[in-house]
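In the part that follows, the structures are each spelled out as structure tokens.
Each of the two complexes below includes subunit A, the first together with subunit B, the second together with subunit C.
The block that comes next holds the complex of A and B.
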């Protein structure tokens, strides 16, 4: 993947070694959680600095601006879009992807990638349907244990053996799908869930919002706090920002990497279990391409694919943006459902290109 | 490429893994052949060998392009979707004749490769992400073009491409062999090939040495795209129908595995064409072995996953991250 080449080391970079940049990311310092960069000091008025500030602002808040724009336009032009019913629907649809993308955010910040989440998500749902036969506890424990174990193996292969993350997780994408097929007689058997207390996890509401939405909110809050306020969170940023330095500083880089992949597997499995409760059965065909949706949401939210920077809030905005757009496509109607993946691909492309061009406008991000 | 590793590995272990990397794929193919001849019914027949070679042809053609891309320290995840685009375009243009239909598919592959190459070389997006977008978007586009349907092919010339023979050798195998030879010559005997390997070995040094790094990179992704499209045409001809939903599904994974098993490191700087061809044969033999011994699809997938991990583990010794 994109390891920094020796020639781009600090020695050849005339920019490094100068005074701290005014547009320093709030995330890469030890500062707890400022949401805005500190007021520029020094040569703040120079147009170059102002341009950099604008670029960094656009990169971090661009998704939020796009979301507000899309929401406003759809609200005005589509009659059914603004209904409480529809809003509730978007929130519920987003909750599953948000839980998956939360794990993906951690993985991508360490500079990795997890392509297995789609299969693991589907596997989690099927396992939950199995576990639900012996009560709500097993319905949750079984998917969490198996999916967490797959994530753990991903992490060990990446961190201990130093194998490339995309190959490892591509292989476990295959493995999880194979396991799913093996326990459902090659995908022909769909197990329905009858345990009412487990079903209520996916179907009940609280204060007008479905329980999965509340799970997503709570998990994202915890995730955001862990990332910003804990030693572990700082290690995650350090691992992705400069792995060698993090190693030399004595940070537990291997443990951090193993943990984020295990976390990603756990969260994908949990999202699968919630989906099974919502759909009242372990559906075998779901989850194809979900890894791309999650990656797109994370990237759209301003998390750098090269690692070292990112926010949970941005990811949530990315997830909402994706689901609002697909909701709009559905409402317009008459569009081939296959356009969804064309648009997903094009959108991801647009975002990474814009992100790349913006980061070129900020010299400190240049590799 | 350097043999200097920070881990203190004993010389023996290094030697073993180096041998595995260089000759492991040939040994594995031989072992699978012996296993099948001994234990699988009806394996040892000319008809079966022909079937195996024909089915390995598309994997082999895709893997050749993938080997070039991986040689530049890149990766192309969009190859399966390019095959799907071929499957959608060939029936669409078959009304104008076989040649226009094939050309349409190849042009689509060229366009995808060009886009991939520009994104990677000129805009500087990581290959995984640039080609991931087209992995999803490309198949979506193919399904949109074909309205999500399977289209039967009745053109006799097109069908001959999939099932015909030249001097008793299936046309698909001939095409794969010719393309293999061309790519082998390209890598070993041309300036382009040398530059490609140099870029994969050390991109910064290549830039400083004045090599046209970006143009070579775009060229490599274009070749990969066109080869994938050609494989898509062959797969469609063989199937006798354009099936954009399933043609080339997970092909990126098979192709990457074939390349890595064949001894081309993911860290670039080295391309092994013969190893790649045997890697493709290995993938096909593995699948055939599992199917012929009545193991279900699910087991086949899990075994494939294990082989991939094993392959990158063995390949990792030479500086793979």
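The block that comes next holds the complex of A and C.
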């Protein structure tokens, strides 16, 4: 890699609060063995918590530093990189992923995961193309309703039945992808969109930036505000930080979980609709692996995969970092496009490893 | 103390409350009454149903039979939040807060002050800081809660509970009596913090708030409680004024044993005889720790342990007791000093080497450092000795069964079968499982860090008897304990630490409460028991 990345990542931090604890209380012999999953620590030891938050902060700063570094180097060395057109292009490409990753941020902060967003995103696009036959309203409502419903079901299964989010959302990944293939004759029917007012949502610009970029910006601003400055946001953090405690504190844990998964589905569907408007058709082959891109962006942006800490801004940086890198790889050219993935993967790993090392080193020095 | 308020209308009560779990009756026909403005002690051994009763009162569990009444009206708290809305707040034994969030956020979670629908952080921080100052916490409230020590976290939990209570009260007006339930609030507090807690309790008491106080510490109960309810095996065996009850009667009701029996055997069950059989011409020490230094907590500690000897390690909280034990084991790196076991010097900071050489340690916090809750008793016991029990990498089930059976019998581990999950056992039995794990590695020296903390009186007695037995079998034991009685009765010799250094060593008849206290207190420092 180009330079030392001052960053940190406990993405897969073994210490990030997931010390398994015996359920509730083994004190009373009469306690039934409850079936809640092992929850993150209650009173974690102080150095551990500090280190965790420090790592998260470093990670976020690190991702930002890496982004600036990559931008600066590319700006200087690649002639076409800094062009207004290229910048616009990066912003536009990032906007769809940013909207999806926004929902993912909420889900991951509650300690969950949503694997269904890639499929739901693609389904949203196809449904938008269907809906567009009856005008712009249907083009938006249809994907939002269906995708929101899938998210809602995810949330209900996770929150009410206590099923593991990984399995639940894996199932809806398959479900959404299957539904998409069924309604498009195995993906062979690509429906083009002609409704001009719907198309303008994906193709028009305002102040030089495409409308999807503006949608992404506004949604992320709202998302950030909700997360940082509302009671709901506090509950989201508390749920991921120590679910059992949050329950005992009387916080609406179930409602929080249902909401974040529904939100994630809704946002993925909306991103799909915008993509359809941008591509002028409901493309069936998109969205494969997008859930992993979103998770990677969220984690690179400093959100703890174990839940309880994270920011929307970090996620946006994570998304931009990813898209800038793939843009750079395109610019350099001459590389088989498959290598893009290889390089992206290697980069993710590198960022995470460097961040991890830094997060281990620093607190010790401070002590 | 016991004022005759126009009470008798309990603020919270269960009438013939029954709660059943698979196979057990956790609460059996319990009619418990909490009166307005009283401090009510709830005592009982582990498994007596205290936690279950609390959880019923706070809406975590629902009764299967009988009735829960709040101010005389039958109620059903479906969720904890229902109880909270009714003005019942709880501090649990284990701090139930969110370590990653700020201190202020933890105080106000769920009730954050808002402006235009957004959380008003400035106000939240200001109010939290003000509130916490009353509880002796002066840290920056924007720091994550987890950066505080456990005791301070407990105080934050208390502040939160009381504050919730007070705001609910002012919201609903009419100074109606409210309830604060405290489940072993002092178990992780330092003496200074305990005093603060008692001040808070006094304040609440004056305001007419009813307090349900659960603790194993009799001193505390007698100091602050008006009435007491004793539970045993899910039944209510006594309820009445605490002042009328002698300690020994209280203990006998908790244990269900005869008063005379307890008198005869004392409060600990260590044998009378000291077992360092070898007296003057003693054998070689099995373990020699010389001038151990491990900054910052261990500054200069030397300890010898002979086979068959129980060496107590005394000192105040923070004197470096646990750290000394961990340094001997190698879990803390040594800055200087040596640990010699059976004539061979152990490499510094290497737990594996120490364990192989024959040192085992039972850690203070069995949940964090030892027990694998969802594995069975069998698996937990053999975990540390798998290499010894396997041949060519294959673990012999027969030998496992043999070992597990032996230890379960010898340590009297109460369980339905060796395959029962450890998480389902009581604290005392969990502790025995851990002890079995280390015994089964055939150690020469056993380091026990607070082996009886947090387990009930009955199990405590058994663990103490076991320590005795093990020493008689020739094991060298280092017993770290903050209970003086345990040290006095259980140790042949006591090494007293102060600020990471050996402040005194007592042996034989010198080992008395007072002598230890003197050594702990040093020249002018105040003694705190």
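Note that in this section the second predicted complex is superposed on the first by the 288 of 367 C-alpha atoms of A that agree within 3 Å, B and C clash if a C-alpha of one lies under 4 Å from a C-alpha of the other, contacts with A are read in each partner's own complex, and residues count from 1 in each chain.
By definition in this document, a contact is a pair of C-beta atoms (placed from the backbone, for glycine too) under 8 Å apart; a residue touches a chain by one contact, two chains touch by 3 or more.
None of these values were measured; they are calculated from a predicted model.
Trainee: Output check: A:244 vs subunit B and subunit C. Expected answer is one of first, second, both, neither. What do you get?
Mentor: In the superposition, A:244 contacts subunit C only.
Trainee: Touching A:188 in the superposition: subunit B (first), subunit C (second), both, neither?
Mentor: Neither: A:188 stays clear of subunit B and subunit C.
Trainee: Taking the superposition as given, does A:308 touch the first partner, subunit B, the second, subunit C, both, or neither?
Mentor: A:308 sits against subunit C, while subunit B stays out of touch.
Trainee: Check the residue A:174 against both partner chains and state whether it touches subunit B (first), subunit C (second), both, or neither.
Mentor: A:174 contacts subunit B only, not subunit C.
Trainee: Where on subunit A do the contacts with subunit B and the contacts with subunit C coincide?
Mentor: Overlap of subunit B and subunit C footprints on subunit A: empty.
Trainee: In the complex, go through subunit C and note every residue touching subunit A.
Mentor: It is residues 21-22, 24-26, 46-52, 60, 79-81, 84-85, 90, 92-101, 105, 109-110, 112, 114, 117-119, 121, 144-150, 153, 160, 188, 234, 367-368, 371-374, 421-427, 430, 454 of subunit C that touch subunit A.
Trainee: Under the stated contact criterion, what part of subunit A meets subunit B in this complex?
Mentor: 1-3, 5-8, 113, 157, 161-164, 166-168, 170-172, 174-175, 177-182, 186, 289, 292, 295, 299, 305-306, 336, 338-342, 344-346, 348-349, 352-353, 356-357, 360
Trainee: If we count contacts the way the header does, which residues on subunit A are in touch with subunit C in the complex?
Mentor: Result: residues 17, 19-23, 25-33, 38, 41-46, 48-50, 52-53, 225, 229-231, 233-235, 237-238, 241-242, 244-252, 304, 308-309 of subunit A touch subunit C.
Trainee: In the complex of these two chains, what residues of subunit B are touching subunit A?
Mentor: 75, 119, 123-126, 128-130, 132-141, 143-144, 147-148, 202-205, 208, 250, 253, 256, 260, 266, 296-302, 304-306, 308-309, 312-313, 316, 320-321
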